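Chains: A, B, C and D, in written order; residue numbering restarts at 1 for each.
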Amino acid sequence: MFEIEYGDGGAVMCRGRLDAAQCEKAEAFMGELEGENTLDFTDLEYISSAGLGILLKTQKRLAGSSAGLKIINVNNHIYDVFRYSGFHAIFDIEAKE
Amino acid sequence: MFEIEYGDGGAVMCRGRLDAAQCEKAEAFMGELEGENTLDFTDLEYISSAGLGILLKTQKRLAGSSAGLKIINVNNHIYDVFRYSGFHAIFDIEAKE
Amino acid sequence: MQREFPRHLNSLAGLYEFTEEIMKAHDLPDGIRFPVHLATEELFVNMVHYNPTVTTDIEVGIDVAEQVTVSLVDNGGVEFDVTAKREVDVDSPLEERKPGGLGLHLIQNLVDSLEYQYQDGRGEVIFTKKSGNKDV
Amino acid sequence: MQREFPRHLNSLAGLYEFTEEIMKAHDLPDGIRFPVHLATEELFVNMVHYNPTVTTDIEVGIDVAEQVTVSLVDNGGVEFDVTAKREVDVDSPLEERKPGGLGLHLIQNLVDSLEYQYQDGRGEVIFTKKSGNKDV
């Protein structure tokens, strides 16, 4: 299961597992984002390359006009995936405590 | 530890682990055997190629004049080792129940 | 364990459950489960995407085994390749058998992998032995 | 875990205890412990016997890991070698990055082994992932 919605503090809360079958849902939501946004990955367990593609696409769209996406509370497995993908140079990423 | 001695029923009881460091003990005992003998491996956990060498040597010495060694209650790991060594053709071997 | 999955992204949820259940049953930590799920999904999704006209199911097998790896390092010993196949006499009649020469033969039959490296006087043998069902 | 043993048959008892303790701690069954002990002893004894003038200790390492093996079989798909090294863009600035192409790159970085076989329309990918300490 994958869920995406605005949290109380204004960040976009991502929950569950973002696999290739959940990308439409993610893309529909992210396609509406404007300006600067924070994605909170506290409850995101898993992401695969299909999800990375959406993040990259969204970042390309937003970064022209703003600081783009900030991704916080990233678990260490997803952090590894970001690192192998070279996402640290193009996103503002914060690991989980 | 490895122990070898006559059991109550007349069989030679082998106990423990017959590794290369225990071969002197095994060889000293087996060198004294004459005629037909049964080796009981109920409590023998382990044998390596050094022990196989002693069995073979003893068998060669005895088999000229008698039926040689019968080996009973062989655990399945030692049974495998005998099988890989082609010992079934030259010893009378019985697996543990 | 093996299962067939329809060639469709809708299979991903079931594929996850199938592999997760087996890995959980073996108490495998997150640090293994995550990359296994990722690699499995990526490969499956590619098989779906890049064969759009194919309709056969995709067969997925998973197996968990415990693996022991042992290394022995011999500094200053002669170079000797323990992995080389050897002639061993396990067939001839008793009179012709000679004691000795069975050790490497047994090893080669009992272990799952056997490697030898030698460099500058340092010889190293590494072997592995796995538990469990080996067919995936 | 690693330990050094004097190059002598008297070391066999300690060598057995060392490896047995680690394998018992991992609840490994007899069916693995027996061949591991046998292979370890045979190799050690040979290093002793065939290097009678060498006086260095013999270093023995043992490591137990859990290994997951996954296979995916694609009947009727195109032949595609997932093990081939790929050019992946993980360095250029945002404007130049393109979505896609990361899946195989991630797999190749995350798994421990990756194999591909293709024959008569049957493509099979097998990968493994190990837990635990990998240095022996």
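The working rule: a contact is a pair of C-beta atoms (placed from the backbone, for glycine too) under 8 Å apart; a residue touches a chain by one contact, two chains touch by 3 or more.
What you see is a predicted model; the values in this text were computed from it and never measured.
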{"item": "Least step count from chain B to chain D, where 1 means the two chains touch", "value": "1"}
{"item": "Inter-centroid spacing, chain D versus chain C (mean Cα positions, whole Å)", "value": "8"}
{"item": "Where chain B and chain C are represented by their mean Cα positions, the distance between them in whole Å", "value": "34"}
{"item": "Centroid spacing, where centroids are CA-atom means, of chain A and chain C in whole angstrom", "value": "36"}
{"item": "Multi-chain contact residues (two or more partners), chain A", "value": "48-49, 81"}
{"item": "Numbers and ranges of chain C residues touching at least 2 other chains", "value": "31, 35, 38, 42, 45, 103, 106, 110"}
{"item": "Topology of the chain contact graph, where touching chains are joined (line, ring, star, complete, other)", "value": "other"}
{"item": "Chains that touch, pairwise", "value": "A-C, A-D, B-C, B-D, C-D"}
{"item": "Chain D residues touching chain B - in the complex, by the definition given at the top", "value": "9-10, 12-13, 16, 30-31, 34-35, 37-38, 41-42, 45"}
{"item": "Chain B to chain C touching residues, read off their complex", "value": "48-49, 52-54, 56-57, 59-60, 63, 80-81, 84-86, 89-90"}
{"item": "Chain A-facing residues of chain D, complex", "value": "89-91, 93-95, 97, 99-100, 102-103, 105-106, 109-110"}
{"item": "Complex contact set, residues of chain A against chain C", "value": "17, 19-21, 46, 48-50, 77, 81"}
{"item": "Chain D partner contacts - residues on chain C that touch it in the complex", "value": "19, 23, 26, 28-29, 31-32, 35-36, 38-40, 42-47, 50-51, 54-78, 80, 82, 103-104, 106-107, 110-111, 125-127, 129-131, 136"}
